[in-house]
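Okay, so subunit A shows up in both of these, paired with subunit B first and subunit C after.
Up next, the complex of A and B:
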C-alpha cells in the first residue's frame, strides 16, 4: 500500500503542493489529474522518491521511502517510473542498452537480461531495428514505448507513469493503454498515472485525485468525476458525453460503457428495445 | 475565378536519414511527397507516431533539406542558401516540446529574441510582446523566468514568440500535446483567429481528430508516404481510411458508421457528440 501523508512542497517561496493525503491499495490503478502547473509532476517525483517533500512523507507497505536505510531497496526494486519526456530517461548508445541498464545494475545474468528484453519487446511490439537504434534516431512515440519497456522489464510492483499518453497518437495511446491494462492483469501491480485531461485512461482507474493549484480538490471514483467534469474545467471522455446526452432524454444506457464496441452494442440494444416496445403498443 | 497562389509546394520530396555514427542504417523517412497548399489555407497533417510528420514539418522552413525533390515556400526553394532568411522569416515553427525552442531566461527576452534577429524596432517589439502575451493568456508574466513556467505555459510562450515575428505561414507540430483541455481550447481560438482574420496559412500536425476538424484539408501520412490528401470532412468520415493508417476515428463517427451498416440513414459527417446523439434520437423517433 502507498500512503502519502500531509505532503507540502515549495519551489522558492511558493507552495506547489499543499496538504496532499491519499492511500493507494496494492493492485489499484490511481489517477492524478490536474491542469498544467497543478503540481502533478512534482507529486510524481515525490512518490518515486526523487524529491523529498518539505513536510510530510510517503509510506510504501508501511515503510518510509525517505528513510535512508529503506529507500535504496524500496525504490530500486519496487518502483519504476516513466517520465513525461521519455527522451530524458534514454541515454545509452542504443535502446537495447537502455532497457538492459537497470537489470545490469542489479547484477542479473546476461542470459536472463536477454530473455526479459525479448519478452518485453514482444509484449510492446518493439522491433529489432528499434532495439539497435540510438535514442536520438527514433520518433517520440517509439521513445515513449522504449521508456515503458525500461520500466516494465524489471516487473515492478509499483508503476508510476507521468502523463503516459501525452504526445502519442490515439492509436498508439490506445495500444499503450491496453499494454498497461494487460500488464496490470498479469502482474497485479499498483499503477499511478498523471494526466492533464480526463481521457480514456480515467476509465481504468479505481480512484482519481483531482489536483488544483497544488491542492487536493476531489478524490473519487471515475464515474463521479465524469459527472463533475464541466464544473472542474475538464472535458469528460467522448463516449461518456454521448451517453449522457442520450440518457438526458430519459433513456438508460449503462454509465460504465467505456469502449466503442460496448457503446455500439448498447445503442443497438436501445433501438431493438424501442422497436419491441412500439410493437407491443400496437 | 480568382487563382489562389500555392504558397507551399512540395515536389517529389524524399528524405533519407543520415547515418548516426554508423549505428543507424540510413532509411527513407519521407517518400515522394507531393503537396500544394494555398495561401490562407488551414491544412492538417495526421498520421501515427513515427510516420514522418515531424520530419515533414522540418522541411517547411528549411530546417531539413530534401534528399530528393524540392520544397518551394512563397516561390523560393529551401535549397537556395540566399533565400534562407526570407523563408525563415515567412515560416514560423512551433515544436512538439516547447523546451526545445526556449532559449532566453525571461519571458520578455524569449519573445524579443526572434524579433531582435529580424531587426524590429524597440517600440514595435514592446508593443508586440504585450499583444502576444495577451493572446496566449500570459499577460503580466513579462519578467518571469522561463524556468519557472509549467510545461503548458512554456508551450504558450513558444507560440507567443513565433507570433511576435508575424509570419505568413505557421507550422505547428503537435502544439497542444502537453496542454490541458482549457489551454487547448485557448490555443485553438488563437490559431483559428490567425487563420480566419489575418489570413495566415496554417499547417497543423496533430493526431487528435477533434483538432483536425477545424482544418480545410487534411493530409494522412503512413510510413513516410502520403496516404490521402483531401477535404477534412471526407477524410475524417472515412473510417476505413483512418483505421488502415493506424488512426483512431472519432467515437461518434464509429457509432454513425455502425448504424449506417445496419441500414439506417444517418449523416456520417455529424462528428460532434451533440449531433451524433441527435442522429440517434432521429432513429429512435422514427421507430414505428
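Up next, the complex of A and C:
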C-alpha cells in the first residue's frame, strides 16, 4: 500500500505541491490528472523516492521511503518509473543492454536477466532484431516500447508512469495502454500514472486524483469524476459523452463501458431489446 | 547542480535591465581587468560593495545571487586554502607563523573570484540572450574589415549560452531517470562515481546533439543564412541611463586606482 501524507514541495519559495494526501491499495490503478504545471511530475518524482518533499512523506507498505535504509537501490527494486519521453534514457550500444541495465545495477544473476528479458520481449512483441539494434536506430514508438520494457523487466511491485502516451499517435498510444492493462492483469501490481486529460487512461483507474495548481482538487472514482468533468475544466472521454447522450434519452447503457467493442455490444443489446418490445406491442 | 543559475535571464524593468548590453559587456571586461589588477583588500572591498549596489539596483532577489555564490564558495574556499598552504610552503615557514599578509592574500583571491561571479551573474540575469547576441555582433563589427564573419561568431556564442540552462535541466532529469534505474550517484568510491557520471553524460551528450540538429533544421526552415545582410528588429542606441552607467563604471575604476595606492 502506498500512502502519501501531507506532502508539500516548493521550488525556490513557491509551493508547487500543497497538502497532498492519498492512499493506493496494492494492485490498484491510480490516476493523477492535472493541467500542465499542476505538479504531476514533481509528485511522480516524490512517489518514486527520487525527490524528498519539503514536508510530509510517502509510506510504502508502512515504511517511510525517505528513510536511509529504504532509499536508493533498495527502492529501485520495488518501484519502476517510466518518465515523460522515456526514450531519452536509452543510451547503451544495443537495446538488450539497456533493458538489462537496471537489473545489472541490482546485481541480479545473468541467467535471471536473460530469462526476464526473454519474457518481457515476448510480452511486448520486441523482436530479436530490435533487441540487437542500437537505440538510436529504431522508431519513436519502438523506443517507447523498449523504455517500458526497461521498467517492466524487473517485475516491479509498483509501476509509475508519467504521461506515458504523450507524443504518441492514437494507434501506438492505444497499443501502449493495452500492454499496461495486460501487465496489470498478469502481475497484479500497483500502477500509478499521470495524464493531462481525462482520456482513455481514466477508465482503467480505480481512483483518480485531480491536481489543480499543486492542490488536491478531487479524489474519487472515475465515473464520478466524468460527471464533474465540465466543472473541473476537462472534457470527458468521448465514449462517456456518447453514453450520457444515449442515457439522457431514456436508455440504460452501463457507465463502466470503456472500449468501442463494449459499446458496440451494449448498443446491439439495446437494439435487440427494442425489437422484442416492438414485436410484443404488435 | 540545482544552484547553478548561469545563463538564466530574469526579465525585469530595473535600471540595470535598461542599460545597453554593449555597455554591460564592455564594463564587465574593464572591471574584470581592474579587479585582477587590484592589489589590496581595501580596493577589492570597495569593488565588492560597488557591485553589491549594482545587484540591489537590478531588483533581482539577493538570494538568487547568493545561491550562485554558494556553489562557488566551496570551490573558492578550497583554492584559497591551497593558496595559503603554498604561500606558507614557498616562504619556508611553519603554518603557525602565518603572517597577516598571507591570510590577506587568500582573502583577496576569494574576493576577486566573488566579484567576478557577481559581475557575470548581474549580466546574465539582466541581459536577454537576444541582447547579448546583438551586443556581441555590434562590438565585433569592426573585425568585419579584417575578413572575420562576426555574425557567425555572435550567433554561435548566443546559442551556446541559450543552451546551457537547457542542458543543465536535462542533466538534472537524467540523474533522476538513472537513479530510478538503480544507478547510485551518491557512491563513495571514485570509480563508481565516475561510472555513474558516464551513465548521465552519455545520454545528455546525445540529447545535446539532437537539440543542435533540431535547431539547425529550424533555422534552415526559416531560411537562415549567415552570409546574408541581416536587418535588426531592435537597433541598439545609447540612452541617458547608459551615460550614467558609464560614469558609474569609471567611478569604480577610479576608486580602484586610488585604493591601490593606499599602503597597508
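Just so we're on the same page, the second predicted complex is superposed on the first by the 278 of 282 C-alpha atoms of A that agree within 3 Å, B and C clash if a C-alpha of one lies under 4 Å from a C-alpha of the other, contacts with A are read in each partner's own complex, and residues count from 1 in each chain.
Simple rule for what comes next: contacts are C-beta pairs under 8 Å (C-beta built on N, C-alpha and C of every residue); 3 or more make two chains touch, one makes a residue touch a chain.
Keep in mind it's a predicted model, so treat the numbers as computed, not measured.
A.B. asks: After superposition on the shared chain, which partner residues are touched by A:174: those of subunit B (first), subunit C (second), both, or neither?
C.D. replies: first
A.B. asks: Quick one: classify A:83 as touching subunit B (first), subunit C (second), both or neither.
C.D. replies: Touch partner of A:83: subunit C, not subunit B.
A.B. asks: Now for A:48: first (subunit B), second (subunit C), both, or neither, which partner does it touch?
C.D. replies: second
A.B. asks: Using the superposition described at the top, determine whether subunit B or subunit C touches more residues of subunit A.
C.D. replies: Counting residues of subunit A touched by each partner, the higher count goes to B.
A.B. asks: So, does A:275 touch the first partner subunit B, the second partner subunit C, both, or neither?
C.D. replies: first
A.B. asks: Does the superposition put A:57 against subunit B (first), subunit C (second), both, or neither?
C.D. replies: In the superposed model, A:57 contacts neither subunit B nor subunit C.
A.B. asks: Output check: A:266 vs subunit B and subunit C. Expected answer is one of first, second, both, neither. What do you get?
C.D. replies: It touches nothing on subunit B or subunit C.
A.B. asks: Going by the contact rule set out at the top, does A:105 touch subunit B (first), subunit C (second), both, or neither?
C.D. replies: second
A.B. asks: First (subunit B), second (subunit C), both or neither: which does A:136 touch?
C.D. replies: both
A.B. asks: Could you tell me if A:238 is touching subunit B, subunit C, both of them or neither one (first, second, both, neither)?
C.D. replies: In the superposition, A:238 touches subunit B alone.
A.B. asks: Subunit A residues touched by both subunit B and subunit C?
C.D. replies: In subunit A, positions 136 sit in both the subunit B and subunit C interfaces.
A.B. asks: Could you list, by residue number, the parts of subunit B that touch subunit A in their complex?
C.D. replies: Per the touch definition, subunit B meets subunit A at residues 17, 20-21, 23-24, 47-50, 54, 96-97, 99, 148-153, 174, 177-183, 207-209, 246-248, 250-252, 254-255, 258-259, 262, 273-274, 276-277, 280-281, 283-284, 287-288.
A.B. asks: What residues on subunit C touch subunit A, complex-wise?
C.D. replies: 170, 173-174, 176-184, 186, 199, 202-203, 206-207
A.B. asks: Can you name the residues of subunit A that touch subunit B in the complex?
C.D. replies: 11, 34-37, 41, 84-85, 93-94, 132-134, 136-142, 163, 166-172, 174, 196-197, 233-235, 238-239, 241-242, 245-246, 249, 251, 260, 263-264, 267-268, 270-271, 274-275, 278
A.B. asks: Which residues of subunit A touch subunit C in the complex?
C.D. replies: The contact residues of subunit A facing subunit C are 45, 48, 50-51, 72-73, 76-77, 79-81, 83, 86, 88-91, 101-102, 105-106, 136, 150.
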